[in-house]
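To start, the structure itself, in structure tokens.
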Amino acid sequence: MRRQRMAALTLPAVLLAAPLAAQTTVIRGGTVLTVTNGVSEGPILIEDGKITAVGGEVHVPDGAEEVDATGMFIMPGIVDAHSHIAAESINEGSVSVSSMTGTGDVVDPYDINIYRELAGGVTTSNILHGSANPIGGMNVIIKHRWGADAAELVFEGAPPGIKFALGENPKRSRGTPPGVQPRYPATRMGVVDVIRQAFLEAEAYRQEFRDYEAAKARGERLLPPRRDMKLEPLVEVLEGTRLVHAHCYRQDEILQLLRVAEEFGVRIATLQHVLEGYKVADEIAAHGAGASTFSDWWAYKVEAYDAIPHNAALMAERGVLVSINSDSAEEARHLNQEAAKTVKWGGMTEEQALATITINAAIHLGVGDRVGSIEVGKDADLAIFDRHPLSTYAVNQMTFVDGRMLFSREKDRAMRESAAAERADLEAKLAESEPPRRGPPGRGTPGPGAGPSGSEGGRR
Amino acid sequence: MSSLFRRGAVRGLGPLVVLVLAGGPAEAAQLSSRAVADAGPREWAITGGMVHRGDGTVIAEGTVVLRDGLIVSVDEGSAGPAGVFRLDASGKHVYPGFVTALGDLGLRGGSAAERPGRAARPGAGAPPTPSRGPEDRPGTFSWQLAADSLTLDDDRIAARRTAGFTSAVSVPSRGIVSGRAAFVNLGAGDPRDLVVGGDQAVMVRLETLGFRSFPGSAMGVIAYIRQLFLDAAHYDEVWRLYEEDPTGLARPRHDRALAPLVLAAAGEQPVLLPANLDKEIRRMVRLAAELGLRPILYGGHEAAPAAGFLADAGVPILVDLNWPQADPDADPEARVPLRELRLRDAAPAGPAALAAAGVQFGFYRGESGRSGGRGSGDDLAAVRTAVERGLDREAALTALTSAPAEIFGVADRVGTLAAGKIANLLITDGDIFDEGTRIEAVFVDGVIHYPDSAASETDDDAGAREAPGGNR
Amino acid sequence: MNSERTSKTAATAGLLAAAFGLAAAADARAGQQEGAWVIENARIHTLVEGADPIESGSIVIRDGRIVEIGEVSAPEGATVVDASGLDVFPGLMDSVSQLGLTEIGAIAATVDTAELGEMNPHLKAATAIHPASEHLPVARANGITHAVVAPGRLGGFGGGGSGISGQASIVHLDGWTVEEMDIEAGAGMVLSWPTLSTRSFNPATFQPERRSFREAQEAYDKAVAELGEVLAAARRYHEAGSADSRRRDVRLEALSPVIRGEMPLLILANRAREIRGAVEFTKEQGVRMILLGGAEAWEVTDLLAEEDIPVILGPTQRLPGHEDDPYDRPFTTPGELHAAGVTVAFATFGSSNSRLLPYEAGHAVGYGLPQDAAIRAITTVPAQLFGLEEDFGTLEEGKVANLIVVNGDPLEIRTEVHHVFVNGVRVPLDNRHLRLYNEYRNRPRPR
């Protein structure tokens, strides 16, 4: 259904090349928190971006880069299942169904938060559309390959997904400005209705194409139906090839979503926020949805008033796969601390806690075979902390993505110095080349947006 | 249009030339400015100048003969035919007329008040019914041809011409698909006579329509463009099938937004896509590739790092001469992001990188404000800055002349000084890229327009008048 | 001896109540008991300057105060809390919060944080603190025993407008009424310092707006001048004294303690320039200043040290203000200020997240703030800043018994709070979250 026209312009090969450095690195010393196979000793061998050995006698090829992690704690790179960084827009709020949009179209490789989060040990993030509509836009999963261009940031091979949203945000409970026609829906009843109608529409659309293909096969002559980029992602949802990540809070809306999805044979991949998930954990587990929640935010709105910090632990107890996400460029910088809160509130084990920000999140995003634990064959995405990462005092020292050290405290310090020097140089250079600052204000100063061919300079 | 000559033709001539008509100097002296403008000499021989043909070749002492708006011949040292106006350009330089490769010249005069797209903008007058999706064709005016709404009642035309620009690519500037571009000569007379190419490219602008109207976000606009071109391709397909044999087929619906996009959707007409920063350049090239479009990018301030990428993709780009600069009204203590400093430094070096990578590019003057551009300085000065930053002079000339002509598919008509081509050219008292070089004469369609002091004097006024309102 | 001699069990029960919710009392206040208490076998972190922790000792509490500390035996009739293996610290103090002023952020009806108008020195936070707010027990359960509650819009860089939003009140996070909670109703005058910004956001049009630097500077200068005029008027009003028969002006009256230097101005300022402006202003005016927020305080450490201006830092866990800032700028700022000799306290500036106070402090430890300074910054330092050091901030005989019993370092997230004493009474750790946890943890499996 997603046949593309033959491109008149072919993509340069460079766009498709995975940014893997063919290099070998060995990390020695330190405690390895594998998350899936308990705590282990090093060394960790990394070849061509993949983990090729963990512990034991490791044959290290000549010329391998040596990283000394003595006394440190090595954990899998953190996976954030709910993020809005690195996107130039995240909400297409004008419509109730914005599935034709996608954050993948507006990835911003310059967003400094990619780096800041990398410094906090985050290596994979799920860049979601906002929660303005019952059916939102498509998401994109990125790796924090700081310095790469937008296409290279994208987690190659990750399954596609889409955002749904329930409750106060899509029903616009904060009101509509005067003079603006309110947008349907305005209630939770309407939210479910929008989702159901969209699924029905997608089914009809799929049928239209099936009918067309069948008729064509019979040799009938007829006009091809129009491709609808709003419905195609929803057809993929119906067919189980696109993951649904659904923003939700209250238990009733969670159930309604699960039921409407089941009506169409759809499994919701993840319930996002799902702050009242603990009230319907059994139902969530039975449906097979994952739950990606915050550690402890509450009371900022009515549907968050019953939020409790034990939510993650409670859902996990009932068999739900739980991850802790950030939904915030700030919070993402210390997801290790957020995970620690599941130990404090609800009594998760340390390994379970670490799993909420690594392997569980990776499984939620359909990339559990690639990232989320320290295992042979997985991507060498690692964070190395100076203390146990569940400690408040732990500071991430190095982050590896695809085996490349893209952050280290040491590199960062060096970068600060070079940036300061560059700034000084540029300021001096620009002070010379650019016209001096304008005199007293009050004279006509062209404002921003003085359109194409704004004011004309003559010969001077 | 005679405004350029209001102050008298002779004054504008300066020390440049002696007009020699067959009948003798006396007649030339008696020539009224009115006559020049209305009828003007139809035949000229420009002799003795260093002729830069615009194709990389230079004739040290060349003769360019013009007749009835066309170049009759360009050769070395000939005297040219008798009985024509003669212009002794000894010691001077002759160049093809410059092209400002994108803008809305000729579309913003009194009669261009009809501003397509305006009604679709919330906050501009009474809010219309908000667009609820691609099917509402938000901000789409693909049926608008710039060539249909040209006016000469636009002060900017004279100013541009004075600065050596004899042609412009004009396109309506409101909406997401704001219309189709015309390649026009910046001459005088009836606007209908100025169109060199009337339907050269589809203009796309990444404009959002506010929070309540689709598309309200950057990704919404891209999603819309994707759907629109898919729809146009589909439109083409179903109509073809229908017209082949309508028997038994449901009749497709007419769509005035799609019909004009059929060529573009098939990759047969270029689509102008905005791309200023490296990330935007890559994003737009990829989008075009996905949709099978033939892109012309515009913006290009961060072209340097993308130059190799553009070369590989074979995509041309129009570079905005409005180099980003510090905001003169900014807080002196505000820390400017390093990447903005980098951009301000690197933007004028972009054309050199493009030239080195073999990317085809032209120049235009874009919206100020984007990436800090302030719209100060004239275009030629901005090109000179690019030359100072490593752009080869010949490449700079190409970017001002033949490259935009090729990009917009009119290189068979304009862009170089060659026999049979449109007589757009200028004469300068030195190398055009040297500081202080003055433009002494400008020909558009074989008609001489002097850089006129009146026009120069009005520049500041024009700037002051236009700037605050701009085209916002 | 009281029946709670089974204190080991009680401690365990408390822990279980906290962590697993097995024994939470149905009545929120069932655990509260008047009379004498003794906490035995505890490692006591008195936080007295220069004193080492008491490795194993007792604390006797009576009539709301610590009456004995050290190697003492339990007095007759006291309820014993066995704190073997546990640590006792002074109760944590959130130096700026909005506890009790807001319940559900998105519902205006539940929010009493900021009054209209820009000159409200006569308004007091204590007037609007809701003793039954669900936020209080939540904060308390994580060891926050008392807090400064400040009126105003405290978030962000200059997002909240400028002016005097009212007086901050210090309260115990326990009490049947706000009067019982009261520690100091007029603890400080909250002033949001004018911001000098060329960019603003127009909420009416939903559009960012720009003005020239000159215009911004003029607006800023005018706002600062107006503040000076208000203080001048307050001074005239004060000097005229009671002999003046004019109608009482409660606004100017409320500023009297400020101009007399008895009440600090709690000045919310984040940008370096505005911090400098505020310091200069208070110096000129001869009034006491405590800086709130201080995101760019690192840029003016020398000035703050020189002028002895204490800083109540906004959340450590925030993003750097500028894209070129070091990624850890907000994390290192507390350590840098401390090293320069600036007095530093931490605050959450919030309500629902007040319980995270120890982690705001703890986060700075990894980035250079000494651990003991971090603990002091949420106990002794704020007590001193608000002139409460006679009663709060350390564990000493005679001090108000606001203290916590924990199983380790309170700045570590995994550390659990076992007992909380507020005003000499052990308060239950029960709260909304625990109740919901217990309720739904016991939900039968659906059929």
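Labels for the chains are A, B and C, by order of writing; each one numbers its residues from 1.
Throughout what follows, a contact is a pair of C-beta atoms (placed from the backbone, for glycine too) under 8 Å apart; a residue touches a chain by one contact, two chains touch by 3 or more.
None of the values given here were measured: they were computed from a predicted structure.
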Please state which pair of chains has more C-beta contact pairs than any other pair. A-B
Maximum centroid distance from chain C, chain identifier (CA atoms): B
Using mean CA coordinates as chain centres, what's the chain B-chain C distance in Å? 62
CA centre of chain A versus CA centre of chain C: separation in Å? 35
Distance from chain B to chain A - Cα centre to Cα centre, in angstrom: 41
Scan chain A for residues touching two or more other chains and write them down. 419, 423, 441, 445, 447-448
Numbers and ranges of chain C residues touching at least 2 other chains: 210, 212-214, 323-324
Out of chain B, which residues touch more than one other chain, so two or more? 211, 329, 332, 338-339
Could you pull out which chain C residues touch chain B in their complex? 196-198, 205-206, 210, 212-214, 216, 273, 322-324
Any idea which chain A residues touch chain B in the complex? 4-12, 14-15, 87-95, 98, 100-103, 105-110, 129, 137, 149-151, 179-181, 183, 221-224, 226-230, 419, 422-423, 426-427, 429-430, 433-435, 437-438, 441, 444-460
Chain C partner contacts - residues on chain A that touch it in the complex: 112-113, 115-116, 119, 168, 173-174, 278-279, 281-283, 296-302, 304-306, 308-310, 314, 317, 329-331, 333-334, 337, 340-341, 343-347, 386-387, 390-395, 412, 416, 419, 423, 440-441, 445, 447-448
Which residues of chain C touch chain A in their complex? 19-20, 103-107, 134-135, 210, 212-215, 317-320, 323-324, 326-328, 351-353, 355-356, 358-359, 362-363, 365-367, 371, 411-416, 432-433, 436-437, 440-441, 443, 445-446
Would you pull the chain B residues touching chain C in the complex into a rising list? 123, 211, 329-335, 337-339
